[in-house]
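Pasting the structures in now, so scroll down.
Both complexes below contain chain A, partnered by chain B and then by chain C.
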Partner chain A sequence: MKETDIQLMFCGSAGDGTIAVGDIFKRAMAKAGYKVIAFDIYPPEIRGFGKCISRVRVTSRQAYSLKQESDVLVSLNDSYAIPHVPEVRDFGSVIYDNAPITSMAEGEHISGHLLPGQLPYGLRIREISDQTTGGSKSKNIVALGYLAGLFGIKPEPFHLIIRDKFKKKDPSIAESNLLAFDTAYTEGASTFRLDFIELGAPERQEIGSKVQMMTGNAAVVRGCLDAGLDCFFGYPITPATSIMERLATELPRRGGRLLQTEDEISAIAATIGAGYAGVRSATATSGPGLALMVEMLGLGVISEVPSVIFCSQRGGPSTGMPTKTEQSDLHLAVYGGAGDAQRIVLAPTNVEGAYRCAGKAFEMAEKYQTPVIVLLDLYLSNRYETVLLPRQNPFEGESSKHRSRVERGIPYSRFAFTEDHVSPRTIPGEEGGIHVITGLEHNEMGRPNDQSDMHNRMSEKRHKKLLAALDHPGITIHKRFGDTGSVDVGILGWGSTVGEILEAMLMAQAEGISCSVMKVVMLSPLPVEPIQHFFSDCREVLIPELNYEGQFANLVASAVSKPFTRFNRVPGVPMQVADILDQIRRLAERAKSSSAA
Partner chain B sequence: MGSTQHYVIIGNGVAGNEAAYHLRQRDPESRITIITAGRLLFYSRYELPRVFHENCDWRDFLVHPVEYYANNRINVRRNSFVTHVDAHRKTLSLAHKEEIQYSQLLVASGGASYLPAELDEFAPLLNHFNLYSAACKVRDILPKQGKVVMLGGDVLGLDLARNLVNDGYKVVLVATEHTFWPHRVESDERALFLGALRDMGVEVIEGVKIELIEQGAAGMSARHILFDDGREIFADVVMPFLGLLPAADFMMGSGVDFERGLLVSTNLRTTDQNIWAAGDVCQIWSPEENQYRFYYGWKNVKKMGEIAAKNMTGEDIHWETATDQKLYIDKNRQLVSPYWEHD
Partner chain C sequence: MGNLRQPVYLEEKLKQVRESGRLNIRSKSLPTWCPGCGYFSIVDGVAMAINRLQISQKDVTVVSGIGCASRFPFFLETYGFHTLHGRTLPVATGIKVANDKLTVLAVGGDGDAFAIGGAHIPHAARRNVDITYLVFDNGIYGLTKGQTSPTSVLGFTTSTSPYKNQDQPLNPLLMMLSYGTSWVGQSYAGDPRHLSEMITQAMAHRGFSYLHILSPCVTFDKTSKTYTNLKAQVRWLPENHDSSDKMAAMKYAMDTDNPPIGLFYKESRPTLADNLNLVIESARGQGARASL
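After this line comes the complex of A and B, so read on.
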C-alpha cells in the first residue's frame, strides 16, 4: 500500500481565511481517515493585517512533526507568501491567483519568485469566488476546492466540513461556498498535473481506540475533564487562553465551576484554595503568568496542597513574543519561587501526551500532595494532531486512600512523617481532621516551627515524596527511540521539540548513522538514572531545545558528569529538522574519528 | 555592458534559451528573465514521441537540469502570459497585471499550430502534440495499435507518424497543401515523398476534403471522419499538423513592424532598437531575395538565438541566408527531414 506523506502550507493575510482553510483541510483529511499534524502561525494583532500561515502534514501513519519543506504552497496573499516560496520542495507545487484585480509592479506577483524546480498552478481564485458567492471572501474555499480536485482528493469530506463550518449562518452561505468549492474542484480535476504528489489509502484504525483531531490545548481540556476536574481558575494569556475558553463551555456541563479571576495571582490562590478544600482544581497560564504565580506556588509546596498548573510557554522574557513559541520557562517551572520549593514538572511531547499528562497531573498532585506544573509551549498548544484516545477513561478518580489514615481517638497529624513521605490528608470539615495550615515552616501538626532539625526533616519529606512520582503508573516518564544499545549519537529532548528530534533521528538512521533518542517527560524530579544510562550508551550526546542558554541541558548537567553538546535556538518557531540533522551528522563524524583514534 | 541591464526573453524554446545562455556568458552581472506561458522549463519537443514507448515523465525531457537556471541566474517565469509590449516605455504587461521593465527585449515566442477556419468547428475533437501535456493526453487515449488520422502532415507530424508506425500504431495521413511544411516540395517530388511514406507504413489519402469529424458511437472508435468523396474513417485520434503561425499577438500595438511575423533586419533587430526577435516568430530580411522570410528547424533557430544575444550585447553579427534544407529519401527508402536533427 502506498504511504501518504504530503504537507500543505496555506499563506495569507489575517482576514483571508488562511487559518480557516487550513482547518477545513485538516478536518476533512482526518475525516477521510488520514493522520494529520498541523500548526498555524498568526500575527499578534487580532484581525485585519499581518501574516497567517497554516501548515498541514497528512500521512498514513502519525508523523512526529511537520516537515521542513512543504509539497504545496497555496498563496492567498502574494506579498506574505513570497518569502515562503523557498520552503516548497523541488517539483512541489505553488497555487496562486493568476487574475488579481489590481495592477502590480514587477516582483509583486508570486509567479516571478518560483524556483526552477517548482511547479506553478495559476487559478482565477478571486474571480471564481466573486462568481459563485458574490464576493471575494471565499477565495480560501476556491483555493481549497482547486487543490482537492487537482490532487484527486474526494470532495465529500470537504462538503461535510464546509456545511458544518457555516451551519450557524444563513443556509445560502453554506450553499454558495459549496458551489465555490465545487467549481474550483472541477477546474482542479481538469488541470494537467505535472507534480508527483499522490495520496495513498489511510491506515486502518486500531480497535479499542478512537481517532480524534485536536490541538495540544484541546487535549489538555479533554484530559482535565476525563480526570474529573472540578474547578478551574484562570486569567487569559496567549497561548493558554483556549484552555480556559474550552473549559468555560465544557466544565459547567459536567457540574464543574470556572472563574475568570482578576489576575494570575488570584487564579493560583483560588486553585490552591480549591485543592485545600478537596476538589480537583487547575489553572492555565504562560510564562509571564507563571512568574506571578510562583510565590503562591511556594505556599502550595509547603502546605502540601494539590494543584495543577498548565503553563504554555511563549517567547520571553516579559511580554516577549506572545505568538511565538519557545521553551524558556523551564528554569522558572522547576526552580521558580522562594526556598527549596520542589514540585513535579511534566512536559508532554505531543498532543496525545498532553492529554495523558493533563489527566495524570491530577492523580500525581493528589497522590504526592504537591503542585504539578504541566509545561507546554505555543507550538504544542496550538498544533493539531490526530490522536488515538482510549475508549476507557485511563485516569484514576479522586483518591481517598490517604484520608483513610485518620483514625478515631488518635490525634491527627497533617504533616506526619511516613515511610513514603506522604502524610494523611483531610479536607476541611472532615471529622477528626482538624489541623493548622500555614506558609511558615511547621511541625507534623502544622504548627509553626523553625527549628533546624524540623526544617531539615520537612525539606527532606517534601523532596523525597516526589521521587515516587518517577514510577507513577500509566504515564511515560521517559522513553528511548531508535537504535538500542551503544550508539554513536544520542539525542536527549523534551517538550514539543521531541517531534523534530525524532524526524531528524529517522533521517539520520536512513543515512546509516547509529543514533538514538531519549525523550524526558518528567523534568522534576528528573529521572537521573535512566539519563545516566542513556549517556553511557552514547558516544556523543546532543540536547536541542528552544531557549538561549540550554535550560534542560543545565538540569542534565547537574545529573551527569559526561560532556555533551548543547544546541540552542530561539527563532520563535519550531526547531528545524535539518538543523538537528546537521548536528547529528557532525557528532557522528566526531564519534567515528574519536573511536578510530 | 553594465550590471543594470535587464534582458527579457519572451519564449522558452530553443531560440530563447540559446539567447539566455549567450547573454549570461557575455554579461555576467545582468538580469535575465525568460517569460513563458508554459508551466515547464525548457524541454525538447522533438523527444515527445518517447512518451509512447518509455516509462518517462517531463523531467526526462528537460534540456537543462534544474540547477542550470539557478547557477546561471536565469529566472524563468512560467505560466505567465504577455498581453502587451510598450516599446516606448520599455515595459511589457502580463495577464496577471504585473508590469515588467526591460532594457533589451527578445521576442522568441515561436509558433502556434495553424488550424484553418473550415476546421474550427471540429477543434474540440482534435488532439495536438505540441506540448508535453498534449502528448500525454494522446498517449493516454490512444489504445495499443490504435489508429491516428493526421491532417496535413507538416515535418513535426511526419516525425510523429514515423515513430507511431514503428511502435505499431496505424497512421492515416490526409495529405493537403500543408504536407511536408515548411519544406518547399515541387509537384514531382511530392509523389515520390508520399510514396516513401506509404513504404514506411503510413496510409496516405489524397485529394479529399474533410466534411465532418464527430464523436464515434458508443463502443466504436472515438472519432468518425467523413470526407467529401463519401469515404469515411474511424480512428482513435485525429491530429492536425498544418504548419505553424507566429505566436506574437501581444506585439500588436507595440509599434514594431509585423507582417506574418515580426520583421527583423539581418542582425535580428526589429524596427525598435531595443526589441529583437528570433526563431519561428520572426521574418528575416533576405537581401538576396529582396523579401522577408521565415527560417525553421532546431539548428536555424538556435543560431538565431545566439546571434540575437550577441547583438543585444554589442556585436553586429548578421544572419546569413541559408539555403533551403531539402527533404529527401535515404538509402533505406525512409523519408528524412533535416529539420528532425537536433542536439
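After this line comes the complex of A and C, so read on.
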C-alpha cells in the first residue's frame, strides 16, 4: 500500500478565511482516516491585514512534526504568499487565482515568482466564488474544492465538514458554499495534472481506542475532565486561554465549577485554597502569569497542598511575543520562587502526551502533596494532531493519602515524618483532623517553628517525597528512540521540539548516521540516572531547544559532567528540522574523526 | 456598660467562661501578640460567635494573610490556613468554591487588606462569596515594627514616614459599601461585648460580610489610634439607622472623626455558590439539549 505524506500550506491575509480553510481541510482528512498534524500562524491583532498561514501535513502514520518543505502552496493573497514560494519543494504545486483583480502592478502576481521546477495551477478562484455565492468571500472554499478535485481526494468528508461549519448560519449559505466547492472540484478533476502528488488509502483505525483530531490545549482539557477536575480558576492569557474557554463549557456539565478570577495571583491562590479543601483543582496560564504565581507556588510547596498549574509558554521576556512560540519558561517553572521550593514539572512532547500529563498531574499532586506544573508551549497548545485516546479512563480517582481513621486521644500531626516522607492528610470538615497550615516553617503539628533542626528535616521531607514521582505508574518520564546501544550522536530533547528532533533523527538515520533521541518529560525532579546512562552511550550529545540561554541544557549540565553541544534558536516559530539535521551531521563527522584519532 | 453597683467576682466570671464552652474553641497555642493588644478580644469574640452559632469546629476554616492579625488561625481550634501577604480572600474563595458547607472566616490587618491585598476585595464583594472578612485596623504595620499603613492618619510619624505621613488614608467602609458588599459593619476592640455581637451577626449573614474592627497597636502607636483616643471618638450608630439604606450608610462611613460602630448596611442576594450552581444547572440543560 502506498504511504501518504503530503503537506499543504494555505497562505493569505486575515479575513481571507485562510485559517478556516486549513481547518476544513484537516478535519476532512482526519475524518477520511488519515493522520494529521497542523499548525497555524496568525498575527496578534484581531482585525487588520496580518499574514495568516495554515500548514497541514497528511500522512498514513502519525508524523512527529511538520515538514520543512510543503508539497502544495495555496495562495489566497499573493503579496503574502510570494515570500513563501521557496518553501514549496521541487516539482511541488502552487495553486493561485489567475484572475485575481482587474488591474495589478507588474510583479505583484505570484505566477511571476515561481521557481523553476514548481508547477503552476491557476484557476478563476474569485470568479467562481462570485458566480456560485454572489461574492468573493468564498474564495477559500473554491480553492479547497479545486485542490480536492485536482489530487483526487474524495469530496464526501469535505461536504460533511462544510455543512458543519455553516450549520449555525442560514442554510442557503451552506448550500452556496457546497456549490462553490463542487464547481471548483469539477474544474480540478478535469485539469491536466503536471505533478505526481498522490494520496494512498488511509489506514484502518486501531481497535480499542478512539482516533480524534485535537489541539494540545483541547487534549489538556480532556485530560482534566477524565481525571475528575472539580474546580478551575483562571485569568485569560495567550496561548492558554482556550483551556479555560473549553472548560467553561465542559466543566459545569459534569458538575464542576469554574471561576474567572481578577488576576493570576488569585487564580493560583484559589486553586491552592480548593486543593486544601480536598478537591481536584487547576489553573492555566502563560509565562507572565506564571511569574505572578511563583510566590503562591512556594506556599503550595511548604504547606504541602496539591494543585495543578498548566503553563503554555510564549516568546518572552515580559509581554514578549504573545502569539509566538518559545521554550523559555523552564527556569521559571523549575526554580521560580523564594527558597528551596522543589515541585514537579512535566513537559509533554505531543498532543497525546498533553492528555496524559494533564491527567497524571492530578494523581501526582495528590499523591505527593505538591504543586505540579505542566509546561506546554504555544506550538503544542495550538497544533492539531490526530491522537489515539484510550476508551478506558486511564487515570486514578482519589489517590490522596487520607488519614485512615481517627485515633482518639492522639493529636493529629499534619506534617508527621513518615517513611515515604508523605504525611497523612485530612481536609476541612473532617472530624479529628483539625490543623492549621502555614507558609512559615513549622513542626509536625503545623505550628510555626524555625529551629535549625526542624528546618533541615522539613526541607529533606519536602524534597525526598518527590523522588518517588520518577517511578509514577502510567506516564512516560523519559524515553529513548532510534538506534540502540552505543551511537555516534545522541539528541536530548524536551517539550514540543522533540517532534522536529525525531524527524531530524529519522533523516539522519536514512543517511546512515548512527543516532538516537532521548526525550525527557519530567523536568523536576530530573531523571538524572537515565540521562547519565544516555550520555555514556553517545559519543556526541546535542540539546536543541527554543530559547536563547539553553535552559534545559543548564539543567542537564547540573546532572552530568560530560561535555555536550547546545543548539538554541529563538525564531518564535518551531525549530527547522533541516537545522537540527545539519547539527547532527556536523557532530557525526566529529564523532567519526575523534574515534579515528 | 456594666453595672458598677454589682460586684463581679473572678471565680464566678471564670466559671461562666468555662461553662460557655468557648474556651474549647481556643487552641492550646498562646497568642503571640503584645500584652494589651486589641486582638485578644477579637479572638475571644470569634470563639464566642462560633459557640453561640453552634457551628461545629471541624466545619470552620480560618484563612489569614501575613501580619500580626494574620497569626489569628493558630489561636483557634479549627481548621486554618495562614497564607501569603494580601492573598487571604482568593484562598478563602477557593476553599468556599470547593466546599460550600464550610464556614469560612478571612482575617487580616489593614496592610494585608488594603495595601497588598486591595485588588482582591472588590471581587470577593461583587461575587458575594459567602465568607466573613474581619479586618483588624490599627493603622500601622506591627509585625515589621511600626511602619505607615494605608489607614494611617495624615501627619502620622513612623519609621518609614519620619517627616510625617503625607498620603491620605483610605476609607475602608466607604470602599466596601461601594464595592457591593452585602453586609458591612464596624466595631471596636475596646468594647468586647459589642464586638462579639457584631462578629456573630457577620458570621450569621449569608453572603460576603465585612466587619471593620478598630483596634489599637499598644506598642507602635502612642499618639493616634490609642485606646484613649478611640474611646473618645467612637460612637454608636443611631438606633433609627435603616441598615437597608446604602446612602445613609455611606454618609455615616464618611464620618472618620467620630467613627460610628454597628451595622451599616445589609442586603440579601445570591452568593457565589448559588450562582455557580445556576451555571451547572444551565450547562446541564444545554448539554441535554445538545445530545438530543
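A few remarks follow.
In the analysis below, the second predicted complex is superposed on the first by the 589 of 597 C-alpha atoms of A that agree within 3 Å, B and C clash if a C-alpha of one lies under 4 Å from a C-alpha of the other, contacts with A are read in each partner's own complex, and residues count from 1 in each chain.
One rule holds in what follows: a contact is a pair of C-beta atoms (placed from the backbone, for glycine too) under 8 Å apart; a residue touches a chain by one contact, two chains touch by 3 or more.
Keep in mind the model is a prediction, meaning the values are calculated, not measured.
Contacts of A:L194 after superposition on the shared chain: chain B is touched, whereas chain C is not. In the superposed model, A:L299 lies in contact with chain C only, and not with chain B.
Look at A:D170: by the touch rule set out above, it reaches neither chain B nor chain C.
By the document's definition of touching, of the two partners only chain C reaches A:D230; chain B does not. Contacts of A:D471 after superposition: neither chain B nor chain C is touched. Between chain B and chain C, the partner in contact with more residues of chain A is C. Judged by the touch definition given at the top, the superposed model places A:P116 against chain B, while chain C stays out of reach. By the touch criterion stated above, A:G255 is placed in contact with chain C alone, chain B being left untouched.
In the superposed model, A:E106 lies in contact with chain B only, and not with chain C. Overlap of the chain B and chain C interfaces on chain A comprises no residues. Residue ranges of chain A in contact with chain B, taken from their complex: 90-91, 97-106, 108-109, 111-112, 114-117, 119-122, 192, 194, 196. Contacts from chain C toward chain A in the complex involve residues 29, 57-59, 61-63, 66, 73-74, 77-84, 87, 89-99, 101-102, 119-120, 122-123, 127, 272, 276, 279-280, 282-284, 286-287. Within the complex, the chain B residues that touch chain A are 39-41, 57-59, 66-70, 75-80, 94-101, 133, 136-137. The residues of chain A lying in touch with chain C in their complex are 230-231, 233, 249, 252-253, 255-259, 261-263, 265-267, 269-279, 281, 295-296, 299, 303, 428-440, 447-448.
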